[in-house]
Amino acid sequence: MNPNPKLAVAVGAALLAVTILIVPHQRPATGQTPPTSGGSVDPALIEDLVAANRILAQEGVLDAYGHVSVRHPSDPNRYLMSRSLAPILVTANDIMEYDLDSNPLDPKDRRSVLERFIHGEIYKVRKDVRAVIHSHSPSVVPFGVTQVPMRPIFHGASFLWVGVPVWDSRDAGDPAGAAMLVRNSALGKSLALTLGDKRVALMRGHGNVVVAPDVKTAVRYAINTEVNARLLAIAIGIGGPINYISAEEGAARDKAEGDYERVWELWKKKALGK
Amino acid sequence: MNPNPKLAVAVGAALLAVTILIVPHQRPATGQTPPTSGGSVDPALIEDLVAANRILAQEGVLDAYGHVSVRHPSDPNRYLMSRSLAPILVTANDIMEYDLDSNPLDPKDRRSVLERFIHGEIYKVRKDVRAVIHSHSPSVVPFGVTQVPMRPIFHGASFLWVGVPVWDSRDAGDPAGAAMLVRNSALGKSLALTLGDKRVALMRGHGNVVVAPDVKTAVRYAINTEVNARLLAIAIGIGGPINYISAEEGAARDKAEGDYERVWELWKKKALGK
Amino acid sequence: MNPNPKLAVAVGAALLAVTILIVPHQRPATGQTPPTSGGSVDPALIEDLVAANRILAQEGVLDAYGHVSVRHPSDPNRYLMSRSLAPILVTANDIMEYDLDSNPLDPKDRRSVLERFIHGEIYKVRKDVRAVIHSHSPSVVPFGVTQVPMRPIFHGASFLWVGVPVWDSRDAGDPAGAAMLVRNSALGKSLALTLGDKRVALMRGHGNVVVAPDVKTAVRYAINTEVNARLLAIAIGIGGPINYISAEEGAARDKAEGDYERVWELWKKKALGK
Amino acid sequence: MNPNPKLAVAVGAALLAVTILIVPHQRPATGQTPPTSGGSVDPALIEDLVAANRILAQEGVLDAYGHVSVRHPSDPNRYLMSRSLAPILVTANDIMEYDLDSNPLDPKDRRSVLERFIHGEIYKVRKDVRAVIHSHSPSVVPFGVTQVPMRPIFHGASFLWVGVPVWDSRDAGDPAGAAMLVRNSALGKSLALTLGDKRVALMRGHGNVVVAPDVKTAVRYAINTEVNARLLAIAIGIGGPINYISAEEGAARDKAEGDYERVWELWKKKALGK
């Protein structure tokens, strides 16, 4: 695709020795062109991606599994995500680069997560999305297997006003071998279609997927979705009609100024100790 | 308002270098008089205010947002509150001074919280109040969107016997731009009117506001309101009529001696490590 | 009061400088005999009492309030309990001695807890009891204000099979000044009568009282009562008839051998770091 | 049983000084042959067994009680399990060897757990099982005393699709002296029969038993059973028909590849700090 790649020098800080090395290559005489890197990435973005992994684990959204990706800032057909590793342990050295078919560009000995197709297929159809999170967000799971729609009751989760679809791997003709996991592009595409233009989709019996225009917003969406689910279950237990946040309110908040850097700083401090 | 301000010397301890510096000024020849400081403040009060922020975060009442203020001890038309910062991180250096229209007196480069109007408008109408807390107290949120009134079942929250009104920003004619947040004096005034002579008002889909004659009592009220909400949701789940604390019992406790310094000391030790 | 005191040397280990000084005295010629100490106490018992305070705080049964007492090993008409202090902070130096009317024998400047009458009045009528705990055990509070009796569903709480009465301070003709607190002997006596020959009594809107033949058993009872309450509330939420532990099973467990030292050691290690 | 035992040299690493020492003995002239050891064990298996104890305590499945065993790798008629000790405190030195009648081979002064018969009796009838866990898994207890069957709603617990029977010690003709505890082989056999070919059996009013082909899988099963119970109780509270994981899905997941080493590494790091 890129016939004349340049050598990109990974900018490396002590903590952020980015491992996305790009090897210049000759176009092969015949056959398929191997995918090429989107190029070097600002270490600050990698640091945010590492922080996102750790914050989401610290805040109880990610367990030993789940993953966070960002679209490559220079090449919309590439994304960056950690190798298969518990999110609380992720460092900059674990970040790998993928094409949108979720092939790793330079895997070395690093194992990719099974469900990376979630990310690639969403990036294909959602041009506005630059960050994707897949989690087993615990308070969210019950809403994927029951009949009450996930709707916002907490203003921090007002972004859910657009609706939260539920995806069931069986509706995607899940082959037996996939066993509820998004192990291939077909299942990833099905999930992306269910997500549509929304921000969050529940995955029945599994967890959710959260998308946003940037990784900090995606983290905020994921954590507030968990909080909202926890509070909504309590509200249902209290009983009576629930006074949800309305579409008008949600839309107004989407447009309003917010002081979101404040919470990112706190989460980062708690998760990274700095 | 104060035509002849004196230079107030901020009393500074190592941890408590109070940053409320007051610059003597000439009365301008014409036009509006700029607001003047209420004067220097006992570092012990600032320390209590800092402790309140950290205690409420430590005890799970405040998240990355929420804020605590105290009325200025020398000038009832001023109040003190941290700049926009996660409460667990607040130090004495972050405390700013405001007039009751919630204008900062000496902002320097410090950003004020968006919803400071909650504080200013309550101080205007509640002469008895010397401390205000706004929080997203998690167990409280469900009671703001359901139909069971918040009433006391735990004697530590008997002060709720006077009733807990629920404020909805829509009833205040919330302009779209405010988006559920108390971003201006009109919304703050509406909230203050709903609060009336009570101690706690719920804010639908948002959290609550707690007021008291001093900051230690406000912290105790806020924490026990969270505890009561948690226990009441469980009691509702158990079912049957609930044996609430009666008005007679609540009024008697209001008048009774309490050993409240004991719990403040513990909370402070846990939050500040001293 | 004591015309001829001798200096009593407190048996002191590093951590356990027991402050119960014993003053031998002459009977005064006329008038009321002041209460005399039950005598010196094995530091190991004081250490257990200190550990009990900290364990119960560590395990979430005691908050900033609540208290633990033991009957004096040498004098059944005396009991030992900490001064008014958050239980997590209690040390051997804080332990005071009381008569059964809950008068402190040597208060010095130490403040007694308001509700010490709970302890004195129970020791008066329950000769078998050598340890008393009063707590605000959080999961227990909802069972004091609802209609489902507290019964055991977890074998660790099988001792509840004898029944768990609920005491309401209003039934005791609570004077307005008492305000739900056991501030005098009359209220303590009423609570002791409601407790009867049981192990646990709930105090409506307040917490509970737990009694046992020794302090380690009392701690185990208090913690397992909290656990059972938490699990029972969940079981009620699941629905259907509940398969409680039967009287036959409870009685059998009362008589059976148990490996209780094991859990005490763990709790002590967690609470005291040793 | 083994007429010609060899001296097995315990392989000892610093942290893993395995204490299963086997003393060669003469066959007694008459009477019963004392049981002999299954021989030395790879320290890596002992380390996994120690880790399993600590992980399960760290993750809230085991409290002060509960126990984990592995079948002896060289002798299917022996199993290895800690002496009676809170699981969070277990070290390699605490591991003892038992025959399938749950007699300790070399107890020294070490006390065995009362309910070791759970392990021996299951190993007798389940040749496929190489690890057994007994716990008081808190979220599981309510499902043992109510009427909603434990079924999987979270894909991490899909292994529950085979069904989860509930064992009641009363159905086993529990003698009064046993008092709900599996204190003898008869009760252990009854429990093993109720378990049948399943992976998990609930023990009414008590906890559960979990079995697997290896100790890492058993730990994963136990933790995910706790998670599933917690989420299922919430789902029931939300209401409506529950979309459980189907038999087809569960069977497919049983056969599918999983990245299970990843979670074991994380749990071990959290529990052992390495």
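In order of appearance the chains are A, B, C and D, and numbering begins at 1 in each one.
In this section, contacts are C-beta pairs under 8 Å (C-beta built on N, C-alpha and C of every residue); 3 or more make two chains touch, one makes a residue touch a chain.
All values reported here derive from a predicted model rather than from experimental measurement.
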{"item": "Furthest chain, CA centroid comparison against chain A", "value": "C"}
{"item": "Residue-number overlap at the chain A/chain D interface, same or different (half cut)", "value": "different"}
{"item": "Averaged-CA centre spacing for the pair chain C and chain B, given as whole angstrom", "value": "36"}
{"item": "Chain centre separation in whole Å, for chain D relative to chain B (CA means)", "value": "52"}
{"item": "Touching two or more other chains - residue numbers and ranges from chain D", "value": "237"}
{"item": "Contact pairs between chains, per stated definition", "value": "A-B, A-D, B-C, C-D"}
{"item": "Touching residues (chain side chain D, partner chain A) in the complex", "value": "152-156, 158, 227, 230-232, 234-235, 237-246, 248-249, 252-253, 255-257, 259, 262-263, 265-267, 269"}
{"item": "In the complex, chain C residues that touch chain B", "value": "63-65, 84-86, 88-89, 111, 113-114, 136, 138-139, 141-148, 168, 170, 176-181, 204-206, 233, 236-237"}
